[in-house]
Amino acid sequence: MKNLKENVFSLIVKLLTGISLLLLAFIVIFIFKESLVFFKEVSIFKFVSGRTWNPLGSPDKLSILPIILGTIYVSLIGILIALPIGVGSAVVLSSYTNQKVKRVARSVIDILAGIPSVVYGFVGLLVLVKFFEVKFSFASGESVLAGGVLLSIMMLPFIISTCDESMEKVYRDYSQYSSALGVSKSYMIRKIILPQSRKSILASIVLALGRGMGETMAVMMVIGNAPIMPKLLKKCQTIPSLIALEMGMAEVGSLHYHALFASGFVLIIILLIINTILYFIKKNIDI
Amino acid sequence: MDVSEKVKDYIFKIWIVLSTLAVVTVVVFILGYIFKNGSKAINMEFIFDNPKGMPIGSEGGVFPAIVGSLFLMAIACIFASILAISTAIYTVFYCKSNKIESFIHLIVQCMAGIPSIVLGLFGYTLLVLYLRLGRSLLSAGITLGIMIFPYIEVRVEKTLREVNKFVVDSSYALGVSTGYMIFKLIIPLCRTDIISAILLAGGFAMGASAPIILTGAVIFAPIPKSLSSPVMALPFHLYILTGEGISLEKAYGTALVLIIILLLINIISVVLNLKGKEYR
Amino acid sequence: MDIIKIKDLSVSYGDKKVLNNLSMNIEKNKITALIGPSGCGKSTLLSTLNLMIEDNGGSFEGEILFKDKDIRSYKKDDIRRMIGMVFQKPTPFPFSIYKNLTYAPIYYGIKDKNKLNNIVESTLKKAGLYEEVKNDLNMKATKLSGGQQQRLCIARALTVGPEVLLLDEPCSALDAKNTAKIEETLLKFSKDYTIIIVTHNLDQAKRIADYTFEVSQGTVL
């Protein structure tokens, strides 16, 4: 009897695990299938290198190069801003604060990470975009820059908490040996902690880039949604925003509809490429 | 220290101080901004009333959105926990091969990397269209569940692994089956941590808009009567109020309500975590 | 000559008093061993001497004279340069042997490649490790064996040119063969350095120490 119960239980567990794993396959296959319908009409090469996105025109006008570039550009700006600030703060958090401050600070960072992206977009629209319009007299504050700055704020918690965790460990491992040599804390951080943190800094870049490029709502609300070649101070469009905006109005089964799937597919491929590149860089750092 | 080291040291110190200041400023500003502006809009009527006015939402409250969000969170959590806890149990207690374990970790990681809008696309096509579930609580809930599945799995797996090895070994030494041990020993030990993980993931689901735009969220709907009715959700409501320029004041209020609910979830989860630690 | 003179030293962590009215003198360029039961303050005494006690949340009262001057009149970093410490657990920094040994000298401003090479070579020789690693100085220090790592830590402590070397049970994590090697090393350079070694091992004290003090219940017997 006991054996039966155990067998049933373990069977259920294995089954559910299998379903979970199949989910991923399902998702990928689905997206791919729906994209394939599009790629039969328009070659993938034309899709990613053409410059015009006009769903109301003829099929040739469905290309997403500017949108791919917009996606990458906005995330890049985000990382460029967030990385130095995030790593610097992580240094302070891990090595210069006491336990009480650490607990408070880490909770605050968790709160920041938990703010929904639509709220960020909301604040970004009212504050950031308006700021650009007022202070710098742009015709419209909606721009790549606005998206980048907003994304950097959203990336900060991930970068800080990833780096902080590993930096604290390194600090605990070596601080007494270093201070016995009469060397200052900042020297130890520069010579031991920072170099040792390269792996986690890289990991946080992967995390942040992944988040940034998949980010929909916040970015969508501040970049202006214009599918043109991106310039820092002009409007642009990203793949997630494109999908979110146009999915509702695309007729099911139309070419436009499948083109949106194709964009999603391209996005996944880009993320895969970035992850792979960074995986290999990580491997090389070890050796 | 000599001069060039001193210069490098100085630059280093300026860098970290500025970074910390930047972060602190941003945090204070964002939270302060929302609280300050949002508190004007919040009152009993706002929380418990239906949206009214023309265009809808410019007056009245957000009650159906609050309820809708809570329901969505519940469905997502149920769906995701069943799958995630099973996967975690399998990986920690039943999986014998390292290769399979790494494979599972890889899959879970990949799922966490799928952009939420792509999940929305998937949910739209599979659940809303193919399976004819339509724009409903169920479709949106399941889509959200897929999104939070990796987060729950990773956390639960970590909790299960942290159980003292001696406890597990003693149980095996008594000849007790794995399933019995999990039910009677492990789960009770980890109960609060698991619940806390599910809650946190639920909070994450509640704040997400992209997966539900296509699968269930609508601009106006009454409190959902069944799994197949469409719902209102706070984040989507906020988006509509802003995007369509309906009411700035109500938008602030919506944002604040959403954040307060999330904060509450966070606090409950932390309290649970602390309670859990007492038992170990 | 007594390089360190301690009078009525009391050390406490918060409310807990670990050392009570301890007085002793350490003679220059000799090996002094501190023995006694565990937890009676031997390590605490060491960490007071290089002022690490305060970093760890403790405090001390009483008089400690280093080279006839109050120890508190020196700057903390200078004390650490003059009084070096080797810990129980061999912990090389996570880089190459060479970098481990140039870490502190570079901080103190030594940039000339030749000078640095000299320091590396001479400290490795003193620690009895040079012959074993001279062709592999760029190897990651963590790849060394436990005994070699500890000798590296001794060499590292010597790179700042201290006058006193504090060793806190340096051999407790090592096997007999490595322990013998380290004892041999200490004996070899003891003419140039004042050595204070905390040890559990009475035989070790007998083998290498010129003076032995027993620290028990917070004071010297």
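The chains carry the letters A, B and C, assigned in the order they are written, with residues numbered from 1 in each.
Quick note on the criterion: a residue touches a chain if its C-beta (ideal position, glycine included) is under 8 Å from a C-beta of that chain, and two chains touch if they have at least 3 such contacts.
Note that the coordinates shown come from a computational prediction; the quantities given were computed from them, not determined experimentally.
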Of all the other chains, whose mean CA position lies farthest from subunit C? B
More C-beta contacts across A-C or across A-B? A-B
Round to the nearest whole Å and give the separation of the Cα centres of subunit B and subunit C. 52
Centre-to-centre distance between subunit C and subunit A (centres being mean Cα positions), rounded to whole Å: 49
Mean-CA-position distance for subunit B and subunit A (Å): 17
Mind pulling the subunit A residues that touch 2 or more other chains? 184, 187
Residues of subunit C touching at least two other chains: 107
Which residues of subunit B are in contact with two or more other chains? 1, 5
Residues of subunit A touching subunit B in their complex? 2-3, 5-6, 9-10, 12-17, 19-21, 23-24, 26-27, 30-31, 34, 84-89, 91-93, 96, 107-108, 110-112, 114-119, 121-123, 125-127, 153, 156, 160, 184, 186-187, 189-190, 210, 213-217, 221, 240, 243-244, 247-248, 252, 260-261, 264, 267-268, 271, 275
Which bits of subunit C are touching subunit B when the two form their complex? 106-109, 111
Quick check: in the complex, which residue numbers of subunit A touch subunit C? 173-174, 176-184, 187, 191-192, 195-196
Quick check: in the complex, which residue numbers of subunit B touch subunit C? 1-2, 4-5
In the complex, go through subunit B and note every residue touching subunit A. 1, 5, 8-9, 12-13, 15-20, 22-23, 26-27, 30-31, 33-34, 82-84, 86-87, 89-91, 94, 104, 107, 110-111, 113-122, 124-126, 129, 146, 149, 153, 177-180, 182, 203-204, 206-210, 213-214, 235-236, 238-239, 242-243, 248, 251, 255, 258-259, 262-263, 266, 270
